[in-house]
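Paired with chain B in one complex and with chain C in the other, chain A is shared by the two complexes that follow.
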Partner chain A sequence: MKYSVSKRISSITKRIFGRRGAEYYIAGTGAAIIAVVVLAALLAPFIAPYNPIKTVGKPLTPPNSKYIMGTDSIGRDVYSRILYGSRIALTIILLSASFSLLVGVPLGLVSGYIGGTFDKLLVLLMDSIYAFPGLILAIAIAHVLGPGVVNIALSIAVIYIPTYFRMIRGEVLSVKENLYVEAARAIGARDFEILFRYILPNVLPSIPVVFSLNAADAILVEAGLSFLGLGLPAPTPDWGFDLKNGHPYLPAKCWWPVTFPGLMVVLVTLGFSLLGEGINEILNPQLREGR
Partner chain B sequence: MEERLLEIRNLKVYYFARSGVVRAVDNVDLFMNKGETLGVVGESGSGKSTLGLSILKLVPPPGRIVDGKILFDGIDITKLSEEEMVKIRGKRISTVFQDPMTSLNPLMKIGDHLIETIMVHEDVTREEAKERALSLLDAVGILPDRINDYPHQFSGGMRQRVMIALALALNPDLVIADEPTTALDVIIQAQILELMKRLKKRYNMGIILISHDISVVSEIADRIALMYAGQVVEFADAISIFEKHLHPYTEALLRAIPNIELADQELVYIPGSPPDLTNPPKGCRFYPRCPYAMDICKRKEPPAIKVKPEHMVKCFKYQ
Partner chain C sequence: MSSLRVYIVTRILAAIPMVFILLTIVFVVMRVLPGDPVAAIVGTKAPPHVVEALKKQLGLDKPLIIQYLNYIWQLLHGDLGRSMIWGRRPVICEIMDRFPATLELSIFSFLISVLIGVVTGVYAAQRFGRPADHALRLYGIITYSLFIPWFGMILQLIFGVYLGWLPVGGRIDTYMEPKHITGLYVLDSILTFNMPSLISALRHLALPSITLGIYISGIFTRIVRSSMINVLRRDFIRAARARGIPERLVIYRHALKNAFIPVLTMMGLQFALLLAGAVLTETTFSWPGMGTLLVERILYRDFVTVQGTIVFIAVLIITVGLIVDILYAYLDPRIRLR
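Our next item is the complex of A and B:
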């Protein structure tokens, strides 16, 4: 038993890293970056040297051996804040991407399958959401809902529902024309089964790609919202909020309160983008040939 | 007196396309008894597949059954709701499609196709359904250890065997096989026909075999209907069709079967092509290609003439 499990794991890792294709390195690098950030978030209470919301030193101390990333304008340890900030960031990414997935996928599935007026109305609605610049829509919704982790996640989620909807609907439209769907109907399968046994499994592979790219985008929007003061309430360690807090001191050559949270946003975005692109190329070999 | 399984009366199925109304099936009368095989032969676009789909009430839009009756075991199918049809499809009337390569869900195991079909229609446990799936696979000549394989692990002929097992899963009274062997090579084609013949006897079911190839149909059909441009032009028992055929189209089709003994014979074909079904010829639809065309053929549509109680032909030659 133990042997077969370890054999299986090794065959999976071989499949992911054993090949020479660039797409496996791309996806692997992305996954590694995300894994590091996830670890940082999980271990924050153990590895953070200071309490992230307490003043622990002189304000705007440059990086040194005591505060490896320096302190911010009111003397909080930047390194500790970044570690704790990754918890907030990941929570919001996961929540918002899941919300849009859970709403967008079923809607796209049903809309593409039923067609007709219902489909037309939904497409119109989704296209209207799509037409808004994402950040502006999120600002408006966040403003109405007020601060809070779930509310922020919701306002980000709304922007990405149409992405899932469009992709799934498009795939359903093509999958439902397959002969096996007609054959299933001819041997007496009901709509419910056709949708969940014949169509859904055949459109699922494209979801991880969108999920990953969506996550990369979500963190940018989240940082944007916090930067504009629509994020979480004040002392919470949050990268966007720290950017806002630190940027007035840039002209005074205090680069550290801004650079490190900014780098984290870049890193997470990069991680999810690489993972998404990598999976996309692994799943769609035609893309690979075109390169 | 043999029992009627299916009787089609005056059936009209039209496609309401933007370019006009396509009369894919126009005034078709057919019948078959229980346990018989009905062969439907015609060129591409003669309406034979539409005929098959209308018996399942699966004519795709913009197509619609406009008029006529389809009596299946005494019930008029054209009047049934979609809900009632779901109960009939698979359970009483089943189907085998032309292309076995794409007729199975690529993400479902062969066994699950069978097991789920059985479980949806009948109140059985998964174990019992699996037992039946295994005996079905055995009946179509697939080894039981392949029940957990996926469709891509099967060849075309094997997949068509699975499709046949799937069509038989609920012991239907009628199986509509729409070009079941067209996508297969000749040897596999013969195997599949042989299999269908054997299963028909074993399960005592009716088969409607739709094909463009009259020699395929001749292998197993009891009755043969020849379709041309949406109409049945001749309908009789298989022996009469081969030995005492009357319609010029039947004659032309039979002459076009290549004969292996006449090696240097030129390939016989029917000159011209089938008419446009949005705007069929006014009189007989075959007259532009008919070597016996008379004056009246251009002006009037020939009536259905019964030369014998069970031999119908649509041609003025026999009036």
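Our next item is the complex of A and C:
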């Protein structure tokens, strides 16, 4: 068992480092973007020139040598707020994606393995959540739960549980037909053991792709929630919230308070999308054919 | 009975449990989750007698199971309750005031996204594996990564603020509303031959529908591309080319017709994305639709309208899914026989 996992990992690394096709550049670009944002988040206290929640200059100063991205409507430094904003964004992405993974994967495993009525009901429930517009469900949940990092993360997590569930369940259905599962059962392995020692390791490789694409979506939903005023409370540096704050000053040609935070949202989403797409094509070469 | 009719009936029957599950999810989210609608309405520091009175008014003092049965019973009668502000209008009236605006925005965004998606998807499939194909794949990823409010604001900045070509908010200029027939301003203006209204309505529609349309177009580019690549490999395409039929006709008449069936199913799924995107687009462009209704009433703490709007959206999603499936079965007889 251990052997098969390590072999799998080594074959993946060989595929990643062995040759270079377009998909390696796609994944690499994505990873590089994420790395830069993670660095910005970690180093924010050292590289941010000003306190992100204090008025440090004249309101709505255009970008200049003192404030490289200008100041917002109450004179806070846009650049410093963006740097600190990446901390909030990454925290919520990580929390929410982990929540969905930790709930969706076990549910998918058990549901696919057990089958029967339990499986049917769960599939119906998950399909219903999946069919619902994610952002609107998150709005409803965030509205009821109230503001807070964990609450926002939970509202986003709920809408992506079905994504993990469907993917894992589908894989379990095909993996459990394999001969080695039957062999394990024949030598008297218990269900729990079969699930976690024989099936789980074989469905694990698909998780990074889903995780990455989920993270890309989660940041859009998080920024959307805070843009609509359902995010974190006021002085917190948050990209979506800054976009909402800068919006009224657009007619006065103040482009900088909205352009930069919005660009960060798009950049992070793009990073995770590219990474997910790239890995997906590296693992499933037939996708490149466009089938 | 014809196989199509059998299919329609079974498909409608299959949608019923889905409706109940979605309604239950909304109920659980709005009433069972920790977090209290009463606190969401009056705040946590309200005096106890106010809280009690409000609970009674909303029926929240009863046991959950009774609340649930009441909720379902009311919904079966099409009763979404009464709004908690401004003369307590029935929620269904509030929604119907706003729904045409959302519908109009959705239709135009959808047309734009399908148009862009088909043209780029077909082009990418023709240039399979070449630079144009890679560039369009990147286009697909980038458009999907766009943050709607940001993209909308950039368009507002360019076309509204700097160039001054297009209005950046609202549905139509003041006093320009056409006579109310369907509530869709473009259609109403055409029906009443009201040229100035039509132009005003289209000008207001331009930026929001382009924003939402481009956001969704990347998905269509991808589906049309992969579907076309499959079709272009088939024998009947080779046969058509061998017969000397011009390439344009082969692509758009022979191939696209066959490539469109998988695209159609995806269209149904994209409707949910379209609605979610509409909430952000409407807020960015002060578009008076259901999305702004939802957001507005959340800020006013109008619990009943928020719940009603979400229920309405749930039913809408299922209805559209149903229509798309039936259309699909109508176009592709193999589906009905499965």
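Throughout what follows, the second predicted complex is superposed on the first by the 270 of 291 C-alpha atoms of A that agree within 3 Å, B and C clash if a C-alpha of one lies under 4 Å from a C-alpha of the other, contacts with A are read in each partner's own complex, and residues count from 1 in each chain.
Assume a residue touches a chain if its C-beta (ideal position, glycine included) is under 8 Å from a C-beta of that chain, and two chains touch if they have at least 3 such contacts.
For clarity, every value in this text was computed on a predicted model and none was experimentally measured.
On the superposed chain A, the two partners chain B and chain C both fit, without a clash.
By the touch criterion stated above, A:L109 is placed in contact with neither chain B nor chain C.
Of the two partner chains, neither chain B nor chain C is touched by A:I168. Once the two complexes are laid over each other on the shared chain, residue contacts for A:L263 go to chain C alone; chain B is not touched. When the two structures are aligned on the shared chain, A:H247 is found in touch with chain C, with no touch to chain B. When the two structures are aligned on the shared chain, A:G146 is found in touch with chain C, with no touch to chain B. In the superposition on chain A, A:N202 makes contact with chain B only, not with chain C. Judged by the number of chain A residues each one touches, C leads among chain B and chain C. Once the two complexes are laid over each other on the shared chain, residue contacts for A:A218 go to neither chain B nor chain C. Taking all C-alpha atoms of chain B against all those of chain C in the superposed arrangement, the shortest distance found is 16 Å. If you check the complex, the residues on chain C that touch chain A are 17-18, 21-22, 25-26, 29-30, 33-35, 37, 40, 125, 128, 134, 141-142, 144-151, 153-154, 156-157, 160-162, 168, 225-226, 229-230, 272-273, 275-277, 279-280, 283-284, 294-295, 298-299, 306, 310, 313-314, 317-318, 321.
Across the interface of their complex, chain C is touched by residues 22, 124-125, 127-129, 131-137, 139-141, 143-146, 216, 220, 223-224, 227-230, 240, 243-244, 247, 250-251, 253, 255, 258-259, 261-263, 265-266, 269-270, 273-274, 277, 289-291 of chain A. Chain contact summary for the complex, chain A toward chain B: residues 178-180, 182-190, 193, 197-198, 201-202.
Residues 56, 58, 86-91, 94-95, 97, 99, 102-108, 116-117, 120-121, 163, 166-167, 169-170 of chain B are the ones touching chain A in the complex.
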